[in-house]
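Have a look at these structures, which come just after this line.
Below, subunit A partners subunit B and then partners subunit C, in two separate complexes.
Right, the complex of A and B next:
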């Protein structure tokens, strides 16, 4: 009797272990193995089709060519940086010599004017998109809250929002360019016009998802919570701070994530045309350059653009998890 | 304690002017696409300080509307509500509401939920430490001091409702309004909550208006039970005095003839005098006909 009980017990322990193993295995398959398989198949298909496409700039770049360009781009970056440091060192030595000869000499430091490397262009793009997005958020979130609180304002502004929302950045760009040239006149400009043009275009396009989501989030707050606020006679500012903002944070973040995605997409187009020294300009310059490596370099930029877009979305998600009380709303 | 409430309560023919809370000839019309719908007609009720009132009636009879008018969330079409001879026309913390589904802010802990109310009501009257003590005192009163720093989604339905009650009590309201406070709870939790409420009531002797569907709950807790007729044009059908001595014990009362008499009176009212079954068929045309007459009246007036 006791023997059989022990066997059954052992069996069930074995079974449990098997189940645990199986679930771990499933997890590994789903999170690691299958994505890797998917990417591998994609790369294989890509390299096969690439070989059979012949353009005026040579063969369409396959994965190998792109990887090669990544290292080439990085090498260019390091040599350019070395040149820059060498330039500053030379300048220092020269200035020191001049000072030795003439103690009254006023030292002039000139900035290095080499061309931007791929890494510089990535950084410029990131700065531009962040600034454009922040400008949009500063306008959109308060406006969305106000629209959510006031039915009248919502009815008044909703048509405008709905009409401007689907407008392509390429349509805005000429207008913004002319506007910036007309209004932003300064002898010692803090930022370049092209940066400002890209930034404003990004803001104009990423404004709307945030406005819409915020206003919907605010206007759909549970009426019981609003009644609590009424019973407590919370003043407007406290009402917004204590009830409206926390209640609509999940929707606001959904809007912000959508907007950030839009902003990143719009930025590449805007930089291309505004000649803001970012990833968009890199793609455009390579296209104009038309060397046998250009397509591979553009493809490298495409991969980087996609990767950064993905990372930006993840960062927003992390931020949402930090800020939002409702953790379930911050799922992928 | 119980004697004083009884004395004041017995004077039903009280002077309406001097009543603590005076719901005076309240009509409530709601606009609908088919003309206006009269939910309440001539609801007239005087409530003394320290009285525990239950509103009972079938669903849709306008109990919640009465409560919302007293709370100031709705405005009566005709008539009005006077609290200590001052007209009620907006919500305020002196008429705290315990909502049916607790309505706690889900992003705040129990403590913070009560704190929001205390900060608002006693912003200048209390120091920081006094506020903290007062918040903790109220949470202790509803036996929620052990889960003070938990969020609503981490505690059970009954516990949430307790925090909701603590929040309302912390406002030190003149009148405590409860909209089916225990309606969403299971029977055992509900019994437990009723006992807690009786304990709290013994200590604080609040003026309470409570909506309920539960006959036993009404008889157990109330000094008076207000039975409402079915809508449209719902009004007060009968008022039942509950003169059972305090403290009340649900087990002892189960065999008490007076308790059973009161209970059966409420049941008779609900299931004989105000039967809902036949209404289901007749209701729609009745509403329409009424809306029509209202429209006609409007036309005549115009």
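Right, the complex of A and C next:
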């Protein structure tokens, strides 16, 4: 009897171990193996189809050509940096000479005048999208909270929000461009006009999803929570801080994530259209150049744009998990 | 490829060495010319090979030698570029010769734009689609080896246009801007072959330029020409390089005639700045002219020996950005017409020889006569009016100051420039046009009388 019991026991232990192993194996397959297989199949299909597409600029770029362009772009970046260093050195010599001739000369270091490399363009785009997004958040979240709290304000503003929400920000672009050049006049501007134009365009598009999500989040707070607040006679500010914000954070963040994704997409298009510095301009310039490497370079930019978009989304997700009480709302 | 690259590198080193040597002497001796009033400048350009003087002045350090910190930025199209110069976001730009003239006259946007420096001669061509070429080719006389006789005249295109007319289809062609050299060259070529390119009537608000037209011309930005033709929107175009050679490489069209054959050594681009800029920053203006003159000279030095190095620079993505081979085709003294039919055109791009950089009044007046011919100037004007306007826009006085200071600094010898004591700004009558008509810049109204197609004295639409 005892023997059989031991066997059963051992069997069940084995089973447990098998189960554990199986689940680990499943996890590995799901998170590592399958994505790798997916990417490999995609790359294979890409390189096969690329070979059979002939454009007037030569063969459509396959993965190999794109990888080659990545290293070419990086090389360009390093040579440009060397040129910049030489530029500053020459400038110092020149300034020293000027000082010798005229001791009252006020030395001013001029920024490097060479071209913007691929890396510079990526940074420009990242800074622009972040600034535009933050500006939108500063306006949209307080406005959304207010709209959520006051039914009257909500009914007053709702039609406006609903009408402007579906407008493609690219339609705003010409207006924004003219507005910026008319209003922003300065002899020694802090930021360039093109940066402001892109920034405002990005803000305009990320504004609406945030306003709507925030106001819905605020207006749909559990009535129990509101009653608690009423019973305790919390002042408005404390009410917002202790009850409204924590309760509506999942919705606010959903809106923010949506907005950020849209903002990134719109920025690239806006940069292309307005020839403002950034990844969009890089793509457009390459298209205009029409050299045999252009398509591969554009493809390289596409990969980078996608990758950055993905990263931005993940960062927002992490933030959301950090600040939200409702972890389940922060699904992938 | 390898040996050309190493030769290029060698050339670049030598040229940098020369440039450095020159610049050191330059700094020591330019004591009379004051410091630039504005040091940080932004110049615009369109992706065309004739922007080369700006790129070279930057890359060879000529701007820095003058104490100028220049940023160079490509522009989407000629309209955006002109607006940039007018609103001050650009300090100067590579411009179509007609742009400063039209702007000062008030055709389009009114603004006083001047030019102290003419950027190049020739450099354009007319390309037609493969389909049109197939129909044109039988009408062209052939040489013994079977290749077409050049220059190809628009007479051979005429039957194709008739065919389109009978089928009730419009024959469309592209040019880059209403007041561009290309527009006037394309019109000149078509009209010389008996094809009416259409009139403008700005006083009636008609600026399409298609009144009475047998070939409909419209605006397309230069870099988009090949793809627009590939898409079938236009049947041909007139544009600067490398966009004609691009059509050959892409196998989508055939360049039929260069502007060198339409009008030998015709003035092409100019460097445009506002009059206000020149008045406010006189030293800066002279200094930037000096840098550009040096760059132009470098481009033509050693019998085009620096061209391969220049092509290498131009093929960078921030300048023209097309493939080295495509740009080299026209920049290094050859031009490929039909695929494989490569002919020597040593003067296809001229930057300095034949006094190419000097802003001649007679060049400005030629553009004005064409504006009158096609109705952009809707009424008769006196010869004096033409001369006054030319003198307002073209500023050989600034050029002369820059050139003389370069001579004084012993950077360029006086023999390389026109004799300033005798120069009137009017070239002697020129005769090398495709239709053999003489052009005398001092008698614009007489010139207009010589054309079969075009508005003449007393004509008003």
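In the analysis below, the second predicted complex is superposed on the first by the 312 of 332 C-alpha atoms of A that agree within 3 Å, B and C clash if a C-alpha of one lies under 4 Å from a C-alpha of the other, contacts with A are read in each partner's own complex, and residues count from 1 in each chain.
In this text, a contact is a pair of C-beta atoms (placed from the backbone, for glycine too) under 8 Å apart; a residue touches a chain by one contact, two chains touch by 3 or more.
Please read all numbers here as calculations on a predicted model, not as lab measurements.
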| request: Decide which partner touches more residues of subunit A, taking subunit B and subunit C as the two options. | output: C
| request: Examine A:110 and indicate which partner it touches, taking first as subunit B and second as subunit C; both and neither are also allowed. | output: second
| Which partner does A:78 reach: the first (subunit B), the second (subunit C), both, or neither? | neither
| Touch check for A:94: first (subunit B), second (subunit C), both, or neither? | second
| request: Answer with first, second, both or neither: which of subunit B and subunit C does A:288 touch in the superposed model? | output: second
| message | Looking at A:231 after the superposition, I want to know if it touches subunit B, subunit C, both of them or none. Which is it: first, second, both, neither? | response | first
| field | Common ground on subunit A, meaning residues reached by subunit C in one complex and by subunit B in the other | value | none
| For the complex, which residues does subunit C have touching subunit A? | 27, 35, 39-40, 47, 58, 61, 64, 67, 69-72, 74-76, 80, 87, 89, 223-224, 226-227, 230, 246, 250-252, 315-318, 320-323, 326
| field | For the subunit A and subunit B complex, residues of the former touching the latter | value | 222, 224-225, 227-228, 230-234, 238, 242-243, 246-247, 325-326
| query | Which residues of subunit A touch subunit C in the complex? | reply | 56-57, 90-91, 94, 97-98, 110, 113, 115-116, 181, 193, 275, 285-286, 288-294, 297
| Taking the complex as given, what residues does subunit B use to touch subunit A? | 71-73, 90-93, 95-97, 99, 101, 103, 105-107, 116-117, 120-121, 151, 171
